[in-house]
Amino acid sequence: MVIVMKTTAKREDMDNIERLLERLDLGAHISEGSERTIIGVIGDKRLLDGVPLELMAGVDKIVHIVEPYKLASRAFDPNPSTIKIGDETIGADKLTLIAGPCAVEDRDQILEVAEYLKNCGVGFIRGGAYKPRTSPYSFQGLEEEGFKLLAEARERTGLLVVSEVISTEFLDEAARYVDIIQIGARNMQNFQLLREVGRVKKPVILKRGLSSTVEEWLNAAEYIINEGNYDVILCERGIRTFETYTRNTLDLSAVPLVKEISHLPIIVDPSHGTGKANLVTSMSRAAIAAGADGLMVEVHPNPKAALSDGPQSLDFPKFSSLLDEVKKIAKVLDRSI
Amino acid sequence: MVIVMKTTAKREDMDNIERLLERLDLGAHISEGSERTIIGVIGDKRLLDGVPLELMAGVDKIVHIVEPYKLASRAFDPNPSTIKIGDETIGADKLTLIAGPCAVEDRDQILEVAEYLKNCGVGFIRGGAYKPRTSPYSFQGLEEEGFKLLAEARERTGLLVVSEVISTEFLDEAARYVDIIQIGARNMQNFQLLREVGRVKKPVILKRGLSSTVEEWLNAAEYIINEGNYDVILCERGIRTFETYTRNTLDLSAVPLVKEISHLPIIVDPSHGTGKANLVTSMSRAAIAAGADGLMVEVHPNPKAALSDGPQSLDFPKFSSLLDEVKKIAKVLDRSI
Amino acid sequence: MVIVMKTTAKREDMDNIERLLERLDLGAHISEGSERTIIGVIGDKRLLDGVPLELMAGVDKIVHIVEPYKLASRAFDPNPSTIKIGDETIGADKLTLIAGPCAVEDRDQILEVAEYLKNCGVGFIRGGAYKPRTSPYSFQGLEEEGFKLLAEARERTGLLVVSEVISTEFLDEAARYVDIIQIGARNMQNFQLLREVGRVKKPVILKRGLSSTVEEWLNAAEYIINEGNYDVILCERGIRTFETYTRNTLDLSAVPLVKEISHLPIIVDPSHGTGKANLVTSMSRAAIAAGADGLMVEVHPNPKAALSDGPQSLDFPKFSSLLDEVKKIAKVLDRSI
Amino acid sequence: MVIVMKTTAKREDMDNIERLLERLDLGAHISEGSERTIIGVIGDKRLLDGVPLELMAGVDKIVHIVEPYKLASRAFDPNPSTIKIGDETIGADKLTLIAGPCAVEDRDQILEVAEYLKNCGVGFIRGGAYKPRTSPYSFQGLEEEGFKLLAEARERTGLLVVSEVISTEFLDEAARYVDIIQIGARNMQNFQLLREVGRVKKPVILKRGLSSTVEEWLNAAEYIINEGNYDVILCERGIRTFETYTRNTLDLSAVPLVKEISHLPIIVDPSHGTGKANLVTSMSRAAIAAGADGLMVEVHPNPKAALSDGPQSLDFPKFSSLLDEVKKIAKVLDRSI
């Protein structure tokens, strides 16, 4: 942390800050520039948490040098993490494919999708039991019944199950039925939910918030890891920008960026990321080419009849074709599916 | 709702849509333009919820004509709502002032602020008991003890208490201690929390999400009202943009806009909206001039020692001066404090 | 400027940087923290322009401490600038009102507006002769004829004339007819135009770019001042965000912020800032309350017949009422119109 | 175009609009819904340009159905355009590679890069002669001398030359020396420059503006095509968002989107798009996988000594490795380099 002094700062202002830092067992390194004096703070910056240095006389601004997250950083673990669930591994050379409908709608639908995905060689099925919807008048999900149908699909096919938890009160229920708990974009900064999912012994997919910086996203992962759950998978799903032709702007540069500053695996959701079925295959290819560890794609036996997110869901033939294209890209990058 | 057909759409595509609408008891009004054919849908659009018309052959896009929220709209109630709590009224000619520290830190702090605000003629004290913090290593609040100290402050001064609830499990607890429940920006689309706060018999301050459009904000209010709680107060607190000199971009045009399309009262939080104490007074004046029904301002007896948000908190002399300036503006707009 | 080293940086990396800085006659102040070493650079940072320190071995990132603009900064001139044109003063206690149609359409229109504004006590008339339009199929302005009509309006009424220049080739022409040259939002980073307008002896209104930070805006002003023209007036006109109910998001916090970090006067354009006539009066009040030095408002004798920007233009009765309201706010802030 | 009436609109309001449309030789198709009446406008909408229908009594809003651009749309030309320059073809199965330094710095630098690129099999060299720089104190380019050096590089190597024109006064000069004229992001809405470049007989690379929607970008292309120059190549180079870890957010979904709605070729600039050399290779792979027709990449013999954009430039070994990776992706997509 660097404290930048105003051009009008006085000797005693520097002295006051030095004394304050000393009292907190922190060192001060004063550097007088041609225009400004800056003070480097030496020691554990957490001792300064909640100390509004900005308000001390003579201080212009505080510049943070070191990222606030620790456990999620590459410095903490220089090797990429891998996560093992049953026979599946997430991270490393493996590409993880997660597919399924936006919402679990009924038994026939979810079993039909599961059989299809099994035959495709996909390892994970996704489906929403509790749906966060912008309008209270939209379909809100089958709730616990949805989890049960997903568990039945697993029994029949061996596919592992991914489903979202939208509130702490449904966490125990979810932990009984699903293999990976998903935290949705709108809950990325629901810190209470992050803390509690950190105490559960299940891997977590943490979607990026609509307006979250990569730093805030890694801070959210830090909440989960800090409670003891290291099995966090990041999922880029588009951010909010001024562009309106797409539902969100899929930020694929977050993929190589996260790989550089964090050891966590990162997958991409091109369905929410674009909101348009006809862009999903192109962006799936691009995500894998950018270095993503996997994809989460919305697939529906009959998108025209889907109760939610139909316009961004692929039908079976389109998903099969997506798989073919993604495999070609994966091959030249030496990644297996 | 208007269905816009592709230039390549065929007669039978139009016929298929017409038949689908008929089956759903909806009318279709076909209008052939020089470049495109459009189909106006007549009837209750909720019957189409989850029907992905975008996927039908020949359809280019769907254009929504009517806002998705009903109960929060001005059409539902053409008169501005007022909310009564004890002797205080929110809305109409009255300006509501809510002030206090970001976080309740200890008994002395909160009682000192309460006494001061009482003497200023402010009606509401705010203070966080549960703090949503970006980093898990920051101060997280006193939790229930914080609510108790706020309640004690009310007993001593008669001030009404505003405090945030960050998760459904703390809602009962909050309802016992506070007079207005605040839903924070990061929880604006925590739909489970919205539903449950809609069942509580306490007024709710609903902060705008960092990246929420005004339409999504009113949809969030709709979730609360739809459960039976009509006492919703909107609070503009800045949105996320590319500008970095301020913490957020305070969107004051949302104030007259909301007044036009909704009957709900709207207040402004210039402390979070700017993140800088020295901008708070100017933006408080501007908020009132824009037509806001009140302000929520962070005040701390000693911002330099604040455990959170010190840089955006006002000390007592600065808040007193803010009050003087705001009163002058209020007077010429015929609003009383 | 502070150079932040990687955790893996070696002694020789620091030595290399020190040697490079020495060669450039710059000092290095090395400060070893608990996690990172940082190097403060001492001396004129312009010597480092174009030296990509980020690429040197061991360097993590470069943090800029001092703003890149000098002549536009408050440090350069601690007193707010005022600009004199004829009998008018811009800045200080005076509020500047600039009004008129988006585009000069014909002689009758512009003379009618000028007479009306004269009677209102407004000092400046605006009107576009060259119009930057998103689509090539929209009305593009009367060009030089527009400037001439504005000059005729000045002769008849004594109003001073403000008009936009969209390209360097029209600058001489504009300088012959107008009193203040306007640089539009889309040209805020047309650096060639900025340089050339810096050589003209006329005050310049510099509108903020749609996606420009305040720092980039002051850098653009710096281009003009650096050529010798100190008479720059900043104009906040809304930035681009994800919100779609308004045309832009008017960033009023830029007003007190600019007043703090720059000596230049700043006015507000609530017409483009909101894009909706019915929000203009509220936001005009708010702009003045925030501390703006003036307003630029679109007024048209018959907005329904306007060739451009009709939806955000006020008719005469609405503008007269705006003036009344703004005067009330101005009075309590001790500013005269 | 659809006119949406207010719930309070009266019969006579509809009649007035119908009469106005009739006078303009446009048809009106009135459709009474359960909540609102809408009026479909039939005929050439350009007749309505500048008619602010929003202001007519009873009108709530105007919804545009058809895109404002024509010549740039896929409807105008259902086949993807290809552009021929010398022996090179841009578009179709060919991937176009454009590489070179941000700025032409001196003869040795540009000739060294040209020889290197020639040996790599790259067809186009880029280099800035006139540099648009945020600060007036940064290196502004060699100006005409830069164009001459690029032309010399072409003579020696046969590479075709791409360089930016920042103002209309340099257009003739540029046309003498370069093969493709580049319009930079900051000039994407410099409409005068667009019009004039539309009259030049050289292909144009049109970079997307920092805060431009895809619709505005295609409108900018329309300005050029409308003057007779059909050889427009779009270049996605990142948009401005709230994320600060990258310089811009590269919007790769614009690639398949543009391919769907326009016939123009589209290339990607991952150097400006990310601002970080270590993200460029990943994002180049991703761009090609998304379907881009080519890449524009910053390459410098010694990025550490570059006068501008060093941090995002690749040195020769890194660029050679990028080429290898891109070729592998191109191969599986059946595209040749």
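Chains here go by letter, A, B, C and D, matching the order in which they are written, and residues are numbered from 1 within each.
Operating definition for what follows: a contact is a pair of C-beta atoms (placed from the backbone, for glycine too) under 8 Å apart; a residue touches a chain by one contact, two chains touch by 3 or more.
All values reported here derive from a predicted model rather than from experimental measurement.
Over half of the residue-numbered contact pairs of A-D are shared by just one pair in B-C, C-D or A-C, which is B-C. Counting the residue numbers used at the interface between chain B and chain C, over half appear in both copies, so the two copies meet with largely the same residues. More C-beta pairs in contact connect the chains of A-B than those of the other pair, out of B-D and A-B. Per-chain CA centroids place chain A at a distance of 26 Å from chain B.
Centre-to-centre separation of chain B and chain C, using mean CA positions: 31 Å.
Chain D has its Cα centroid 38 Å from the Cα centroid of chain B. In chain B, the residues touching two or more other chains are 211, 240-242, 244. Per the touch definition, chain A reaches chain B in the complex via residues 46, 49-52, 54-56, 68-69, 130, 132-139, 166-169, 186-187, 189-193, 195, 210-211, 216, 219, 222-223, 226, 240, 277, 303-311, 313.
Those residues of chain A whose C-beta lies close enough to touch chain D in the complex are 211, 213-215, 239, 241-246, 249-257, 260, 273-274, 276, 278-279, 282-283, 285-291, 328-329, 331-333.
Looking at the complex, you find that chain C touches chain A at residues 2, 4, 7, 29, 31-36, 38, 40-44, 63, 65-66, 75, 240-242, 244.
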